[in-house]
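Here chain A shows up in two complexes: once beside chain B, once beside chain C.
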Partner chain A sequence: MIWPSAVRRKHDDSDPEARAFAQARDADRCRGGAVTLPKPEGAFGPPPSIPYNIRMLHTAFSILVSSEMKRKIPQNGDSAGRRQFIPCGDHACFGIVGARRSAASQAALLMLAILLSLGGCSSYKPPDFKLNLEGRDPTRVKPAQREAIEEMLTDLFGTPDDPRVPPGLDLDLSLLQRAAGPIGRDITGTERGLFRKHCVVCHGISGDGAGPIAEMLNPYPRDFRQGVFKFTSVAGGAKPLRSDLLRTLKRGLPGTGMPSFSPLSPEDLDALVEYVRYLSIRGETELFLLRTVVDENEPLPLQRRFVLEEGVRPIAALWRLAEEQPGQYVIVPQRPKLSPQELAAAIERGKALYQETRAQCVKCHGPDGRGDGSETELFDDWNKAKKGITDQQTRELAKWFALPLQSLRPRNFHDGLFHGGGRPEDIYLRIYIGIPGTPMPAAGPAPGTPGVFTSDEIWDLTFYVLSLARRTSSVPEDVTVSAGASEKLR
Partner chain B sequence: MPQKGEKSVKQRGNSPSHRAGSARPLDVPRLPHYLAWALMATVFPLIWMGGLVTTYNAGMAVPDWPNTYGYNLFLYPLESWLKTWDVFLEHSHRLIGATAGFLTIALLWSLWVHDRRPWMRKLGIAALIGVSLQGTLGGLRVVGREILLANIHGCAAPLFFAFTVSLAVFTSPRWRRRERPADDEQNADENFRPLRHSIPAAVIIALPALVYVQIVLGAQLRHLPSESAPGWSFLWTILHLTVAALLPIRWAACYRFAAGVPAALGLRRWLQVFGWLLAAQIALGLGTWVVNYNFPRWFHDWVMVIPYTVVQGGLLQAIVTTAHTATGSLLLAVATAYALWALAATENPPPVYGSASRHAETST
Partner chain C sequence: MQFGGRNRVQPKGTLRRSRRWSRRQWLRATGTLAGIASGTLMAPWHYAAASQRHGIAVRGRFLYDGPPPELRKLTVDKDVDCCGKFDIRDESLMVLPQGGVANVYVYVRSRGVPVAVATAEKSARQVLLDNRDCIFKPHCLALWYLRQDLYIVNSDPIAQNVAFSPLGDLPANIVLAPAPGENTEATWRFRRGQTQPFVVLCNYHPWEKAYLLVRDNPYFAVSGDDGGFEIAGLPPGDWEFQLWHERVNYLNLRDWPQGRRIIRVEGEGVDLGTIRLRPSDLAVGG
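Here is the complex of A and B:
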């Protein structure tokens, strides 16, 4: 796809030599024209069971053989000089028969050996998903329980390098494979490892929001494993739509570490959205297993059918629900076109609504919308469990969590910084749906709930909030609708 | 550096303080010096390209090595090379690296032919070994998919760049003039006579050493393994910030020392360049955080609220982040040049290799 000429040349069926070469390269990663057989386990590289130094030395040897093959071909012998697989320990190397190493090559090999011994303390180990023991005393989880849960999860969902989709789940495996695995392109030029390339530094391999850099960020990156997402278009705490996740990826979250991925191709974005859904469903299944096995002492071994029927399918149904039932998601009505006088009146009405007790805006955002309400200790769902009644309790709880306790601060509207986007439509949605996983409540109706405000009232509130903002949040140009909207609204 | 050296020779010709004669240019071949400059000028863009490779996570865009998608490195089709951004970056990085390798070979050859200083030839061999090791490290990072090797590769690059700077210094006419014996009236450089209060070498070397420590710390942040615990990034960041705070202090101390040496040596100029680069580097460092992770909350609380959205893979992010990496290497290069000239100013003149070899050299 990406490298048609290169791929065609190496996959030309009419050339048996090239075909053998291509097959070998597909089976193992190329080492400069020298390819090992048989096919190794795992996605890349020789079997990880082989010690790192040995693997690297073999690689060095293969490289040297291949680099020497043009110059050192002997002139006699039928097979001499032919490219074929030649014995190399317990496997075969693709190289030139009769190729010999010169003194310079041997010196280079020695140099490589020294070099590699420097890096010998490390080796590529395919990463594993980390068991979600957040908020649990790890000593209370028996090794057998832990093993059973991990085995079941691997059986159903695979590994970070090799994801699987359990039956009944609406996930596209080809997209998952594109997002999973180590960073890089395969020999056909197809890019893999998108999640590790773009997301893992913050969200972590398991999607636990505790990536290497997470502790430095405020707010913390999202922990996908509870299946809760802040900025959605679904009411009643339902699962987000694909389009919700895609919108967050495209636009990013202004004022936070979550970037806009607008430069990525639509295919890459789709793959990332699918992988986030995969991690969420896997995480929710993991929580189900922990509840069942650890909290409720379900007898071991776990039955796959039981897990599928009791755990995976209900979760999958929730994820399908929002997509398949139009009533679940909120369609933002057309923004009313108002004259300056009408707009001023709408802002006044919004101000009055803001002060009303049924709205409860003042409690957190303060009487003037400066984020200085009476509620001072606010936490989102991901941090609530870290908060003890006393400071001592909080300190003791901290050891069972990957990241320290982080409080939540209500938005100061005067800053004009809205994480979910600064367009009037974005503010409308935030007021209507609330922000799942946080104390920000929903004001609009949801299935089974009448709602606090009508659509018109929510627009009035939106205009009032935006009238307070000095400027709106920056979003990439292709999705900016109302830069300077607040100025017009004044 | 060398140009400055030549310039100062002319200046000193009219200076009353320079009474050692007309100081006419040395009759030594300039080819090694030009090649050392060419190598240095190649390695810097190579570092830029390597930085872009890391910024765009393009290190594995080409899955094989030393070939590129089965092609010989130099025969990879232009169309394919220019088609995909990350492949373009990685393949270009390899090509520039190969160019640096060829230039190193040429430099070694020129040193062998034109430079009779045995230690200089050894440095030439060291350069060849260095560039080979660095290239091999890069290749093994690809075939072994080792982020640790990427880390070492990234740390070694500025070191090699600094080494090429030292080669350019050692082959410069000004340095060669310094090596003349004191009785060589015509070519002796009076400025290089030992200072009254010599500074310990360790104090001088501390500046480039500190810069290098900072580069290594930065590399740890750039090459965080995906499974490392969150605490590591915090530790590296704190250490990185600490050394960033120490560097201006170290620089100021060096500048104070440089005030006591003859201006013609150019130490102050090196330190001025270093100072400007350091200021730019600190600004770039802060910018790197912002374009990657946005403004920190304390900035919003205490300074001002800037509604900014990070754009992953955006031009601003790529340029600022990579410029921070490249400027770090440039700082090391300037600090190395400063340290070499400062050492030359404070230490005794180097041993003379004998008049026979010297005459043979000048007649080459």
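Here is the complex of A and C:
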């Protein structure tokens, strides 16, 4: 059940935006969402931090005020005297809109208001972050341990309705508040609850990649809680830049369930990027807490300072790494300008490199790049843990995971669909830094990795891979890099 | 100067000093603080006061109670030209004919155990992980990340991959070119310690597996072929030790619940004697 953070618009059927909003709100109700009652223009909703009973009291009085106003102001059409049923949770409660009322009915309504304020029309339960028990037997986590972890996480990171930023973290709270919470608009008309509106259905409220439709998707939506992101421009396994996450949001991931969110405003996109970072840092802190409290039997109660110093700050430092040392970590593709003859030569060189044993491309992608190499048992890091040695073990393990085991298919270049984007720069980055969390390794030099190919060799490979795609794909190769679009998508 | 010899262990396993300090203890604490301060200023890694002593060794030996299990032959179906000629076997439980159990991790679990300068200076700067004969060598290794890096080498004439994802640290997925040649070595630096070993894999050759323990102190050992281990240079005190084996993770024994036990480290050295491991302790046949 959801309460908007600030003012609700007047319910007005002539306003298309308000109508769309009302539809979204009604959909919200179906999920046990908020009772969003019509209110007179200019009324302000109480912020969600106000206790439940007071909010219900406010709601009840809103009905009274609303009906009172409607009584005084002549109503158009048949709205006067209409009884409006509002399903909320298991019960149904109603307001009588615009009815002419006697003193007795006024008194009855006042009673209703008081009753609502005391008991409420349904039990409001804001959504909670779900404890990450992936791969664990939940019965082996003691209730006290579970409580300690959840309390510490709430203390540091707040709740899905009310996010918090732990001290010393580079997260913008105002952006987070825009993305968090229930769907709605605030007094300025700024949209709130963006994550719930656009992302939750796949990525889940905790960012666990196990939203309601996740199981139907291949590949599964990203579980942010492991802090690993596949399509980045940073080498050495470093965390993605904000611009990397933004690019994924704007362009989507072709060939996966991830659509493009480019119609959203830049501010909304920034808010979502920040919220993904927040969920990821929170998720990694949660993994640290599970390791410390459950595996290591850390004495309870947990020390906040210890968790901050040992858990949160090292993780936050990893997120700052690429921004602080871009020279070492950030890879900026510089596409060579080639004449048609030079391009043909580069493709030939790339073909030879592809067959070489240095990087073993053939092993997974096959001799012709059709994704039919000898490596067939491939899994990403999110699925590896679900794979037992025997089939029996795999079946037994399945009960501790939200989603069934899903294997990974190496890309068939002839399809012309590249999850990380089909521009030459995208292919270059995938070969250079690999795809974190998958068996695709980093072929370019970076901190800690010598790399097996030089930058020029990676360009040759890129052109070869794209030449295979061009042959069969009906989509022109440069479709995503037309002058204006390219600038817009950067 | 001595390390905190009068530490006593609280029921929860944390170390705390007694409330009332004698004058001698105050002097000792002041000396420790001065030592820590100078040590921190002198070196980029953390170690505590300079000590005249070289610390105390803790040693012991793991013996298998039963006939040594046969090492299962693993399916080698990738790069058969190169790897097919090696006898590659499951190394998850290495028991030698004399009964010694290799590859058992023993490490100090207590937090904040001081490290003497001598120990820091003696330890190597790199720990080697070799890709040789289509397996990782050694199978189990440990390093002190504040002082040591992981040095990975490919000695095989085929490309090798080294992939691992430590908790709360950056994941690695490294390709090493075929040897001999260029780009056959990598040096990986860790950014934080771990409370238990993690697995190192090769995505090219699914049978290849190694384990790596990354700690913030040098007090760890992996039992050798004879089952013996020794952790040297420990300061005196009551320290909690942890046993870990890849078959069962925490090695739960009668005297070592969850593989943990507090041991008083003092005198010339501590000999834990023979620690007997039953097949059921290592999930053999289960």
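One rule holds for everything that comes next: the second predicted complex is superposed on the first by the 343 of 490 C-alpha atoms of A that agree within 3 Å, B and C clash if a C-alpha of one lies under 4 Å from a C-alpha of the other, contacts with A are read in each partner's own complex, and residues count from 1 in each chain.
Operating definition for what follows: contacts are C-beta pairs under 8 Å (C-beta built on N, C-alpha and C of every residue); 3 or more make two chains touch, one makes a residue touch a chain.
Remember, it's a predicted structure, so these values are computed and weren't measured experimentally.
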{"item": "First (chain B), second (chain C), both or neither touched by A:Leu169", "value": "neither"}
{"item": "Touched partner set for A:Leu466, first chain B, second chain C, both or neither", "value": "neither"}
{"item": "Chain B versus chain C as contact partner of A:Asp415, first or second or both or neither", "value": "first"}
{"item": "Chain B versus chain C as contact partner of A:Ala238, first or second or both or neither", "value": "second"}
{"item": "Broader residue contact with chain A after superposition on the shared chain, chain B or chain C", "value": "B"}
{"item": "Which superposed partner A:Ile431 touches (first chain B, second chain C, both, neither)", "value": "neither"}
{"item": "Which of chain B and chain C A:Leu318 touches, first, second, both or neither", "value": "second"}
{"item": "First (chain B), second (chain C), both or neither touched by A:Ala210", "value": "first"}
{"item": "Shared chain A contacts, counted only where both chain B and chain C touch the same residue", "value": "none"}
{"item": "Contact set on chain B toward chain A in their complex", "value": "57, 59-67, 69-71, 76-77, 79-80, 83-84, 86-87, 129, 132-133, 136-137, 139-140, 143-149, 152, 224-234, 237, 292-297, 300, 305, 307-314"}
{"item": "Chain B contact footprint on chain A (complex, rising order)", "value": "2-3, 5-7, 9-10, 21, 25, 29-33, 44-45, 52, 55-56, 59-60, 63, 67, 108, 111-112, 115-116, 118-119, 121-124, 127, 182-187, 189, 191, 193, 196-198, 200-201, 204-205, 210-218, 251-264, 402-403, 412, 415-418, 422, 471-476"}
{"item": "Touching residues (chain side chain A, partner chain C) in the complex", "value": "228, 236-238, 284, 287-288, 291-292, 295-297, 299, 311, 314-315, 317-318, 321, 357-360, 363, 374-375, 377-378, 381, 434, 436-437, 439-443, 447-452"}
{"item": "Chain A partner contacts - residues on chain C that touch it in the complex", "value": "12-14, 77-78, 158-159, 161, 163, 165, 167-178, 182-189, 191-192, 195-196, 203-204, 206, 258"}
